[in-house]
Every structure is written in C-alpha cells, then in structure tokens.
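Each chain gets a letter, A, B, C, D and E, in the order it is written, and its residues are counted from 1.
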Amino acid sequence: MAKVQFIKSADVKPWLAELAKEHRVFAPSYDGEALLFRPFDPEQEIVLDRAATMPPKKTIFPQSEKLVDFTYSKDPENLSRIKIDAKANLPEGSTVVFGSRPCDARGFTMFDRVYLSDKNPDIYYQARRKNTLFITLACRTIENTCFCNWVDSDPCDPTGSDVLAIPVNDGYLLESVSEQGEKLLNSKLLADGSSRRAEAEKICQEIAGSINNTKDLTLAPEKLLAVFDNMEFWEEVSAKCLSCGACTYLCPSCYCFNITDETTGMKGKRLRSWDNCMSAQFTMEASGHNPRPTKAHRLKNRVGHKFSYYPTIHGGVISCCGCGRCIKSCPAGIDIREIVLKAIDFVPAAVEE
Amino acid sequence: MPVLKGKELRIVGFLCNWCSYGGADTAGVGRFNQPTDLRIIRVPCSGRIDPLFIMKTLMNGADGVLVSGCHPRDCHYAEGNFYARRRLEVLHRFLPILGFEPGRFEYTWVSASEGQRWQQVVTRFTEQIHKLGPAPKIAGPEASATLRQMEAVL
Amino acid sequence: MKIGVFVCHCGSNIEGTVDTAAVAAAAREFPGVAFATDTMYTCSEPGQEEIVNAIKEHQLDGVVVASCTPRMHEQTFRRTVERAGLNRYLFEMANIREHVSWIGKDREANTNKATDLVRMAASKLLHNRPLLSKQFDINKRVLIIGGGVAGIQAALDCAEGGLEVVLVEKTTTIGGKMAKLDKTFPTVDCSCCILGPRMVDVAQHPNITLYAYSEIEEVSGYVGNFDVKVKKKATYVDWDKCTGCGICMTKCPSKKATDYFNEGIGKTTAINIPFPQAIPKKAKIDADFCMKLQKGKCGICAKVCPSGCIDFTQQDEFVTEKVGAIVAATGFDLFDWTVYGEYGGGRYPDVITSLQYERMLSASGPTGGHIKRPSDGKEPKNVVFIQCVGSRDKSVGRPYCTGFCCMYTAKQAILTKDHLPESQTYVFYMDIRATGKNYDEFTRRAMEEYNAKYIRGRVSMIYPKGDSLLVRGADTLMGTQVEVDADLVVLAVGAEAAAGAAGLAEKLRISYDSYGFYMEGHPKLKPVETNTAGVYLAGSCQGPKDIPSSVAQGSAAASKVLGLFSKDKLASDPQVSVVDIKRCIGCGKCMKTCPFGAIKEIDFRGMKKAEVIETVCQGCGICTSTCPQGAAQLQHFTDNQILSEVNALCQF
Amino acid sequence: MSVSLTYAYYPGCSSTGTSIEYDMSSRAICAALDITLTDVPNWSCCGSTPAHTVDHTLSSALSARNLCQVASMGLTAAVTPCPSCLSNLKTAQHRMKNDSFREKVSKLLDKPADITVETKSVLQILVEDYGIEKIKAKVKKPLTGLTVAAYYGCIMNRPAEIMNFDDREHPMAMDNIMTALGATVVPFPLKVECCGASFGIPRKDVVMRLSGKLLDTAKEMGAMALVTACPLCQMNLDMRQEQINSANGSKHHMPIFYFTQLMGLAFGLTEKELGIDKLCVNPRTVIDALGMEGNSKEKSQ
Amino acid sequence: MKYQQELKDSIRKALPGLDVVIAWSAGYDPLHATPHFIRREEDIDRLEIGPFSVHNLATYLPGLRGKKVGIVVKGCDSRSVIELLQENLINREDVTIFGFPCTGVVDQTKIRKALGHTGKVDFCQIASQTVVIGAGGEEHKLRLSKVLADKCFSCQYPNALISDHFVGEKISPSAQTEGGDDLEAFENMPLPERFAFWQKEMDRCIRCYACRNACPMCVCRDHCLAESRDPHWLSQEDSVRDKWMFQLIHAYHLAGRCTECGECQRACPMDIPLLLLKKKMNKEIKELFQYEAGVDPEATPPLLSFKMEEENIKEREW
C-alpha cells in the first residue's frame, strides 16, 4: 500500500533542503529564460506551474558523460611498448528530481527497455537509474502541445515515478509509487495525507476530463511502415525541418548516443554524448556513405522509431511520452502529431497499370 | 610543467615563416635577450592564421596570443597579410565582448631583418601580459558550483 | 607512430643554456616518442648517421630534431630521414637555438621552453602525413634585372651556359655605376676599359635580349614558369632605326638638360646618348627638356636625323616575357647627403659627391678629365675628402658601413695628386676599412706616397670663407679642433638600395631590410638565393659591394640558375592545399581569396566543388583559413596540425 | 581668413633688463600686426641655466608652473621672444611626456602639471601662424639699402626634435622676414654657430673668439648689421663688441638689431617704442641710410 | 494582414512555373505560424502572413538549389537572399521572390514573459496596435510594441530589398536608427562580468545547433566544423569551453555576412542571447569597412577582400 502524505506549499523548500542533505536534489528553476532542472538552491525560486523547457533527462542520461579515463604509460626499457590503464567512471551517489511531470518520468521507461535489458545492461545508465528518484508532479493544466493521452498516459500517470505529487488546494498530496519513494516521505514536514486523497482524485479526474482530443494511434506502427518507402511523403513532411537537434535533445525518450575518445598527451577520456538522428552525422559511415543522407530519411527515422519500430519490438509501447517539447521548441514549427496522423490517414494513390 | 610557476605566463605566438619567424631567428642570431614565456607556432603566412586559432588558444587557457607577419606589401604570398590584417583586426575588436582584455591578443608586423624589433615586440608583449596577469579560466564541465556563484554575482 | 627525438647541443650553443639531456628525458614521456637522445652536433655527418641508424634500429617512422631554426637545416634533416627511407615530411624541427638558447641565459626557463617546443613538434608530427611532389615543366629562360656589372656578369655567364637571357635595364645604357667610374681600386686601371668589352659582349651575344630604358611592371607565376611584364618606356626615338651617330645631339638647341650620367656635373642636350661607349648606343629624348614635347616647337632632331628615327608620339610599350628564373641585380644609389646641413645641405657648389668627382676625373667626363671647381672652374689646391657621409651614421638612419668608400677615397686622393701634383689632399675618416687583397697597401700608398693627410675625426661644419670653404672638424687622435681651407670638398657618400628597390621586391615577392636591400636566403649559406624559389640576387641590391664581389655574385647567381635549369622538370613543393571534396560545398570563397588563381571550380556529380592546381599553389594557406568548413587544408599545416600544437601548449 | 591671433605672452627675465628693447619691440610689432599678446599672470623664471644645471626636476617644475598659469588663462598657446626660455619650456614639456617625471613635477607643483599648452617663439608665430606674405603687406617703410646677416644662435632650432622649428642647420625664418621687409640678406654660414654665451662669465676669451668670428664673417659677407632673435646673442655681440675689438684687434662697428626692431622700423613705428636707443653699438648711420635707394625705386615705379 | 489576398493571387499566378513556394501558414496554436511549402494550388489557401511570420525562409534556399523556388520574404529576410546570391549559393534565375511591406514580427520570448504562461492558448486577435490573447481561461491585452522583436524597432528595410513581385505599398523604415541598446549596455559591463555572463549563458547550451541550422548564412550545414574530427576543433564534451567556442566559430564565420535576422537566437530552445555576439561583430565590421551585409548582391564581404591601405585599421600603433 502506497504511503500518502501531505505537504504545505510553503514547506516544499524546507523539505527539499532536508532531502538535499542525503541526495543531489534537482528542481525546476529559471536559468535566463529557460526553465531547467537545476541543483536545488534555497535561494532560487522553484517554478512548478508550467512544464520545464528541458526534461530532467540529464540527471540519468548526461549530455556528455565520461565513461572511461585512460592513461598511456611507457615501458622505460622499450618506449614503444605502451600500456593502457583504463578506469571506468561509474556514477556514485543518489539523486532526487523534484517537480518532474508524468511524461518526463515515464520517458525513462523507454530507456529502461533498451538499457536495462537482462542480456546487456548499460552499467552507467543502470547505476544512475537505480539511484535517481522522481517526485513527479501531476499536471493541472494541459498545454496546447500536450498529447500524453494519445500515447497511453495521462496527466496523473505515476509510471516511472517514485512519488506522485498531486497539487491540491494549499499544498501537495504525496503518494509513494516505489519503495524507494516511500522512504523519501518520512520527513517531519510531511503530514499524513489520507484525508486529502479524495480531493486529489477529484482533481485528477477533472484534468482527465478536460481532455477531449484523444487520437487512436493503434494503427500507427503499421501505417508508418507502409509509407516507409514513400520518399515523397517524407520529403513533404520534412521540408521545413532544419536538421537541428532541438527535438531529440529535449525529448524525454530519445536515448541515442555517440562515443568519442579525446586524448591529450598521455591521458584521455572516452565520452558518451547525446546523438541526434536529425544530424547528417547520425549513422554517417567512415567511408562517407550515409544510409540516411537527407533530412527526409532522418525525420522518417525519428517518427518511425518512436511510433513504429520501437512498439514493434517492445510490445506495442510507443516510444513517445507526449510531452510536446519537440513541437514547442522546434524552430520550424514541426508538429510530430501531424506527421503521425498524416501517415495513418495516408491513402496511396491508385497505381495505374 | 609547461609554465614556470610565478615566473612565466602562457604566451603563444603565431608567426609567418618568411618574415617574422625569420625576424625571431635574426633576433636569436643577434643574441637579443628576450623573455622566455613565448612559444612560437610557425605557419607559412599570416594569411594562414585563422582567427579561430587565436580564439581556440585563448579558450584553451593561454594568457596571451601574439601574431606577427610580414609588413603589408611585403608578403611572400603577395596578399596573405592583407587578408590577415582585416581578420585579425576584426578579432581584436571582437574579443572584449567575450570578456577577454583587449591586450591579451596583439598582432604586428616584423620582417626577417628586424631582429631588434622582434626583441622589442616580444619584450613589450610579455610585459603587457604580465601586467594583465593570468587569463581568467573557463569553468570546466564539473564547475557548476562556480557557475552558480557567477549567477549570484550577475 | 614511433617518433625519434634528437636534441642537439650545437656544441655549447644550445647546451650552454639548455639542459639537452633533460629535454631528451622529458621527450621520452611524450606520446608517440619511442626514442630520444641528445647529440653533440646533429647536423654533422655522425649526427645525421645517428638519426639514420636510430630510424633503422628502432623502426622509427617520424623524427623530431631540436636544434637550430628550420630555416637553416630543415632541408638537411629532411634529406637525412629520406636517406633512412622515411618520407621527408615525417620530420619536424624544434628551434631551440635561435628561439631559446641564444636569447636568454636562464637555464631552467630555457630547458622548460625547449621541452615545450619539442612537445609541440612531436604532437604536430603525430598528425603529419607523407607528402609526395609532382613534376612540372620549366621554361629555361632567365630574366636579369639590372645591367650593372653584376647583372652583366650574370647575363653573360647564363648566356654562355646556353640559356636564353632577358636583360632589363632601367636607364638607356647598361654599365651601371661602374661605367661612371674613372679608375678602379686597388689597381688604378681604367674602369671603362675593363667593363666596355663586356658590355659589347652583352650587345652581341645571340642568347641575350636586352631591354634598355625598361622596367618590370608585373611578375606572376612561380619558379620555372614566371610571366614578366616589361614596360619599355618611351624614348621618342625608334631604336630599331637609330644608329647612334649622335648628329641629333650636336644640333639639339636645348642644352640645359640634366646630365644624369655625369651626376649633374655639367648639362647635356635634351636628346642624348649618355656616353660614347653606351650599350645600346641609342639616343633618347628627355621629355622634360625637349622643346618640341614641352612647347610643340622645334623638332630639329627629327630634321637632322639621317635615319628618320625620331618619333615624338611614341608611348610606353609593354612586352611579356616567360622565364623560369629571375636574377635581381638592381645595384645601389647614393644616399641623399643634403640632409647634412653642416656640410651646407647642397648650397655650396664646391661640395660634391665622390661619384661626381669620378666623372670629373674621367677623360670622357664633362670636364675632359680636368679637376675644376664647379663654382668657378678653377683648379683646386686643397681638396678635402670626408668619409662616412651617410654611412655608419645612426642620426641619418644609415648605421651600416658601405664598405667601399675608404678604398675609393684613397683612390681619388691618389688620382688628385696625379692630376694636380701641386695639390694637397685631406681625408677626414672614422676608421680605415681596407680588408681586401692589396687594399690596405693601397691606402698606405695614398698616405705615404701621395701625401694624403688622413685626419681621424668627423667634420662639424663647412662654410664659405672668401672664395674657399672652411672645413672645421675634430682630430680625435690629437684631441684638437682642426680647420682646413678647402678649395673643393668631396663627400664619400654611402650607398643605399637603388630607388624603387622596395617596389620591385614586392613584385618579386622577396623581402628587403629597412634600407631597401634585398634579403638573401641565408646570410652565410645562401648569399645569392632568396626565400622565393627561382629568384636570385647579384651585386649591391643585397648590400653594398665592391666590383669584385659584385662580379662574383653575378657568376654565383648564374651558376644557381644553370643548376636549377640542369633538370628538365622541377618537383613541386607538396606543401600545397588540398580540398576534401566531401566537405566542400562549392561556395567559392577560396577561389576569391587565392592570390595565385590556384583553385578552380570543378563539377562533381552535378555539384560545384573547388580543386587546387598543385603546381600553381604556393602553399600560403589563405584558402585554409578562409574555408569555413575546413574543406581546404594546406598540407603540412592543416588545422589539425596547428591545433595539435595549440593543444600541446594550452590544455586549460 | 581674419581670425585674430591671440597668445599668452611669456616675456622671460631678460626682457625686464638687458633685453628690454626686445620685449618692447616684440609687443610693438605684434600690436601693429593685430596679434594679441596677453601677459602670463604672475609669471616666474623659466628654470633656465641656473636652475637646470642644479636640478632637472626643479627646473622643469618652474617651466611647468608657468605653463599651468597659461592653461589657467584659458589659452592653448604661449609665446616668448627668448629662445632660451622657449628651449626650457619645451624641454620641460618633452620630459613630462614621461609619466613618472610628470608625477614628480606635479608633486612639486601640488597640482597636475599641464601638458596641453603649445609653446612657440615670437619668430615662429610670425612665420608660421601670421605669414610672410601678410608681413610684407604691412611694410610701410621698406628697409631697402640695408644689408644684414641673420644670426639665429645655437638653440633657436636645436635640438630639432624638441624645438621643431625651421631647419636645424640652415634656418631661414629671419632671412625671409628681412627679405620681406625689403632688406638685402647676405648668406651667413655661421647663422647657427655658438656665440659663447654660456662661457660669458667663466671664459670670456672663448666669447671673444666665437663672437669675434661671427662679426668677422658677417663683415666678410658684406653685412652692414647683424639681426638676432636671442637676448644672449645680442648681448654678446652688441654690449661686448668693444671688448671683442680690443681682444681680437678688430675694428667692428656693427649694429646688432633684434629682428623685431627692424620689423618695427619697416612698419613705421617710432625708434622710441622699439627701444632703438637701448642698443650699445650706435645704429644711427645704418638707420639713416635706410630706404634711400628703395624710396627712389618706388617713385620710379 | 492586409495584403494576404493579393499575395495569394500573385503566387497563384506564378505557381505553375515553380516547383515550390515557401511561405507561412498557421502553426500548432494561435500564437504560432510555421513555414509552409506550397506545391499545389490548394496549399495556397492556408498561406498566412502577419506578426507570427517570424521564420526567415531564406534558410531553406540553398537546400533547394536546382529547383525553381518561390519565396515570400520580409525585408530582413530579403537581405539573407541577397547575401546568398552574393555568395553564389543560389541562382537568381531559379528564385522568384515575393515581397510585402512588413510591419514587424513578434518575439515569442517577450510574449511568454508578458503572459507568464503560454502553454494553453485559446485564441489571439491582433487589431492595429493591440494584441488580445486568450490563455488559460484569461484574456490578456498587450500593446503590440511590447511584444515585437527588437530587430523590428531598428528595422531599416521593412520592404524587401529585392523582389520579383511586391504586394502592397512600400512603407518607410522605423524612425529609430540606432539599434543594439543591449549591446551598448553590455559593452559597458566590466570585462570579468562579461566573461562570467557568457559562461553562465553558454552553460545551458545543449549543442542542438538550432542556432546554426536556422541561420540562413550557415551554409556549411552538414560539414560544419562543430561535429568534425578532421579538422577537430571541438570535442563532444559538455563543456562551456566547447559550447562557447562554437558560438565564436559561428560569429566569426558570419563576420561581414550576418544580416542580423536574429534566427539564431529565436531558434535557441534555451533562449541564449546569441545575437549579441553577431551584433558586436557587425558593429565592428561596419566601423572598419563601412559595410553592411545583405544590401548589395554585387558586393564582396569585407573579409574576402582587402585594401593595400586600410583607412580604419591602425595596427601599427601597437
């Protein structure tokens, strides 16, 4: 049975300060005009009434992470005999993310299926994932770009979170989702919240009820495959794409990476950094050949991967959490919903014999 | 190891092969004493010096960058230093917007015969950099704490 | 990569202030370095052998030598590594002598700096790639600029060697300064008698094309294939027809034209042939003084000319010559001594230059070889020579020694006594520099046999006193002031680069010093080469020289040209730009900025791309720093090579 | 252009004594030429010989003090007739280009030393700012018949990089003025030679020799009179002419004018206001002969 | 927008000779427009021009080289077209330019700041100088001038500088001639503060390169130095150094070419004030060479040319 606690709005910061003694705590605050998950700082205002510019993706999947430090050393007897010492840089410590949205937290479940497979777990991801807890805030308003309801989720979806916080009148109802989450709810600043449960449920229902534009994407995997070879279709939908990485880098469920070694002198590091399937470098081969030479090919990959290929191998789960950041932040105003619907509705022209 | 602590600062020179590198050689042949901070990178022509090398050098933590080429009209390649002059001047004027002191980067002309002038240029530039002191260092990827302090200042 | 590092002691030149062993020890820790040692003289034969052996023994595939400037020995060591089977570009030098050991004595700082320079060289070397030359055809013709004794010698030697020679002379006759001299030191033989036959040889040699009264307008191209535009200035005389009879000169009514050949001693006619032995012996009209050209009236010369060669409408004409090598032999001019107010600044007619005095002494000169004072035509009794006028004088910006003035002053003192046995000569000098074969003996003779009174000191003032000049100076040996009543004062004016030398250097793309003298490739080892391949120097354009040295240089330059042309094809320098066709977006910015037109646009699968013409590219790298996407990369100085040096020096 | 010229006027100590006629005539001709000279209030010694042989900083501070006075007048240029004063003012300015030297001077002055004021000699403003042509136009009584040699002395133009006026070896400013006034100017080869002034007290024999040579040469060149621009030169040649004669056995009787006096005469000013009567060697015969030839020529034109 | 119908007619006439016409249409909500590629007659109806036509469509031109392209441009966009023509990156005969008098476009960041929260926008009406936005159940009335992009205040070229079809009447440029107050203010900051400022701002860069890809003059695109190993200017590290260095590469490569359209800053999802660097570069270029990019298709950018004697460079004084 989940633990249910209540916290007054005014107590949020003191509670986070408490948590910060044991964990790295991230909460949304402004950096310039961008709302980001930043290390908790009591001096800074925590902004919870809108979705952050960037999901808390970096907390588990850093933009660039140093996987390995390596050092060359020479045999003094024979300088051309070189030894390499490599040291893995496994992440340590635990992290709490406060104020993530259901879509943000759910995004990592898309990662999990890939990085935490039994056969080949990614130890770096694993280490962070295990030790990163999400206190997720249920959404009270649905933004124009939101479409979590299209992808089997909703504004109060606890999937992927450790604690779900539902905004109620004068504070938040905190519901533990995981065991680790339950441990976070032991503060003296929290009071038993059972009495407010009904109020919270009502709020959740109200929000869910306000959504009326749900689309059925069941056919998406199959329909997208159907237009796979229709480059004209993809050229048209990608015409305005600028091939930048804003959509992928702001996406809570995009998990591609690239590995590079940077060496200076006798020392070096192996970096894993975000990759971006919109970039011409993505899948660029050493020969200069690129199986995805144009932006049409690449946008096809992004949409296809999320709405067709991933669900095909992961039990129908669409690898998109519907946060809408790719729509909001696209400098060219590309709307992924539009593309998916277009593919579903696409009727191939009758082939004339 | 590379910079003698308390004695030297990191000063990088980009010199064209034909005039200024020769001028530095002439200064050596003439045994014209110079401060030891400067490390010279030889390039064929000042026209080869992409201003981005200078930015990169500063970004990498150099305390000063000195560029020297043939006097205008004397370029071994006829026009290289004319292009260089425009590009380096633009860079020189641009750097302060980034917060680099304007004097961290200078460019000048020294011919292969001007050993003495080279000595003066090096001495003067080195003094200028020592007066400015070590360049401010850019925070590394781990320096989020420093960044937050900066934010507090701003 | 397996790099070998050789840190040179250069005797004590480097080892004196750099701990080379420590540098080598540090180098062993650098990436890629498989072998490092310090050696006594790397450039010596055993030193080079050591490199060759180390390459073989340790299977090195790259070499760093830390020694002197690459401008000195880069070629030497490139050949060394080549001997051991490596590509010559898998080699880098760290200049720890000129840039380290010779400019400071702080051993700790020097060792540290030398280590840094080796680190830079080694990290650049890691990015070096083998480069291979291309062969290209050459045009075996040579252009010689300047028809003085050095240019004449070079022209004749080249022509004798079977080359076609184009000789361009600025004035209407070849012969240069030597043709103006009466006698030469230390033999006191007739200058014109030695030079005259050689001038005739030039005129008659089938391999020599002479453009007199012509200048270089434009030079393009590169070693083996220069295109030179020559401006033939208008003489208003059709030289194809002119026979040099000189009738025009006898009839020309404008007799007040400046006599350049005679250094302004006397006047000449507007149409003139500078002197009887002129080559080519052709007349030229001085437009400034010609009444016909100035006022439209006269035209007498046209009437009297038996071959009808006068053409008042003549214009400058341009011809283009294709040559494979160029020798600059532009000589010197005299310093403008009138900045010396204390010598009258040009106000006293009886203060003249040494070269004017030569013309006065010459039997073919305006005075017929009689020494006469310009002011009143009287024979002088006391003749005072002042040396170092515009030489060794920082205050007028001429700190260097012209070198030959001591000798010609002694010669002129001797000749004065020969011409005027009653005369007395005085020579104010700073030091006597007579360091040639029989030179010192010669100055001694001037003093001892010809009784020239040598006074060691500078002259502070010359002023007229009665109809003579009072020369006041110091006698530093006696520690007194001396005053000499002089009838004639001859200034031993120093030499400076010929007028227009700097402009020509810019066209030739060679460098020159602050006095306009051209820079040789190396002060000792490459005295007639320049840093521009295919361009050589002869004579005083490189620095003041006496006749034998100028002739020697003329021959040296000729032998360099003959050597260059002994091959049928030249190897291009592979340090050229190369465009990565994958990265090129065909924007053409590189083409816009290339000074040599070495980049052309090509079509690659329907896309515009840039391509470098290897033999035209001179390797400046402007395109590389212009190309925003780094597609054009100057080989051996690629972005990554330079960045690796930056990174070796600065890592945050 | 009719912008009137205005300068701060620094007379210098000599002008109150030995060279009072230089001061009088300078003021008189400037007035005649509509050049406004405003005396520097409360001026002091320029820091000349007595001071600068002892202490350079102190000497420069004296000059700097006067320059500050000029700046306080709101004027940007100061003029003095005396080349010695000018030399000192300019040397001080030159030294003060060095920051640390200027700081020392400022400390002595208790205020920042001025480095903006421009300094010139009366001769310099006449030729550079006013102009020979305009001077020529002001001549009422041409000095025809007068043959003079112009003697500048050793410091009017030297050191060239500090004085920055005319040719250091062969100045022509006074020659040109004299020619403009109608006088005949002989080429005078010793125009920048030393008169021996600095040895005036300790080594009179040197003065006798050097100044004697000047008089000898002037006479040889055919000059009737010497014209000077320096109080010390004038004094050596004029006041000491008899001593020179007796020391050298010469018989010179050569009037030594200030150039300003001759300008005044040519402009038609009275001898009184030009201080002609202050001269030691009587110029009467020379003055009386003035204009004879010229006047007749003018008539004939 | 007044001239919208006229523009549609003009495009309709030209469309048969063109492969595509690039314009704008309504975006995902009433506050956004999006680039609109007109290929068929029926696409024309969706065309919309107005204060949300923020995108500089010239960015798409080099990628469409070889096709017959029509493009609708604001005055500022037309300068990018000129610059592309100047650099031979597009062929004039392949491009048909439709111009209209632009009265300014909005700055989404300003709207967001004014409204506080723009996630839920229901409607937006613009009547003369007033903008009425319905968001989150509330109605916000804003003065248009409060939310116009900075560049519009100092706009000197409201009408396309180059066009084949111009609809409407040309309007006169804004009275304010001196732009870049923010630059001036920034230049008055002490150097260490500027240094700190950039580090802080660049820290949040996610290296998505939207700034670069939205820039009409960033023509290297797929071959940018930023992602290349040869040449290897930048590492993939998440460091301020590399991120800042990229902005310097961008700014320097734009020297004398940037038309200050502001797309870099607009495109930045992290709202980094990137335009400041370009403004500074432009200011210096203008001072040094009296040159402004994107005005004359025949001009040569100043860094690709030189003079033997440079009037405004006094490099010998150092």
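Quick notes on this structure:
In this text, contacts are C-beta pairs under 8 Å (C-beta built on N, C-alpha and C of every residue); 3 or more make two chains touch, one makes a residue touch a chain.
Owing to the predicted nature of the structure, the values given are computational and were not obtained by experimental measurement.
Setting subunit E aside while the other chains stay in place, the touching chains still form one piece. Path length between subunit D and subunit E in the chain contact graph, taken as the least number of steps between touching chains: 2. Relative to subunit A, the most remote chain by averaged C-alpha coordinates is D.
The chain pair B-C and the chain pair A-C differ in C-beta contact count, and the higher one is B-C. With centres computed from Cα atoms alone, the innermost chain of the structure is B.
Rounded to whole angstrom units, the spacing between the C-alpha centres of subunit C and subunit E is 55. For the pair subunit A and subunit B, the distance between mean C-alpha positions equals 44 Å.
One finds 52 Å separating the Cα centroids of subunit B and subunit D.
Each chain gets a centre from the mean of its Cα atoms; for subunit A and subunit E, those two points are 30 Å apart. The residues of subunit C that reach two or more other chains are 582, 593, 626, 639, 643, 647, 651-652, listed in rising order. Multi-chain contact residues of subunit B, defined as those touching 2 or more other chains: 51, 56, 60, 73, 79, 83, 87, 138, 140-141, 144, 151.
For subunit A in complex with subunit E, the touching residues are 31-34, 36, 49-51, 53-54, 62-64, 141-146, 236, 239-240, 242-246, 248-250, 258, 260, 262, 271, 273-274, 276, 279-281, 327, 329, 331-335.
The residues of subunit E lying in touch with subunit A in their complex are 20, 27-29, 32-37, 39, 55, 59-60, 109, 112-113, 117, 119-121, 136, 200-201, 203-204, 206-210, 212-214, 221-222, 227, 229, 235-239, 263, 266-267, 269-273. Across the interface of their complex, subunit B is touched by residues 69-72, 95, 97-100, 102-106, 108-110, 112-113, 115-117, 119-120, 505-506, 509-514, 519, 523, 531-532, 575, 593, 595-596, 618-622, 624-626, 634, 637, 639, 642-643, 645-647, 649-652 of subunit C. Subunit A contributes residues 72, 74, 76, 79-80, 263-266, 288 to its touches with subunit C in the complex. Partner subunit C is touched in their complex by these residues of subunit E: 66, 87-89, 219-221, 223-225, 228, 230-233, 241, 253, 300, 304-305.
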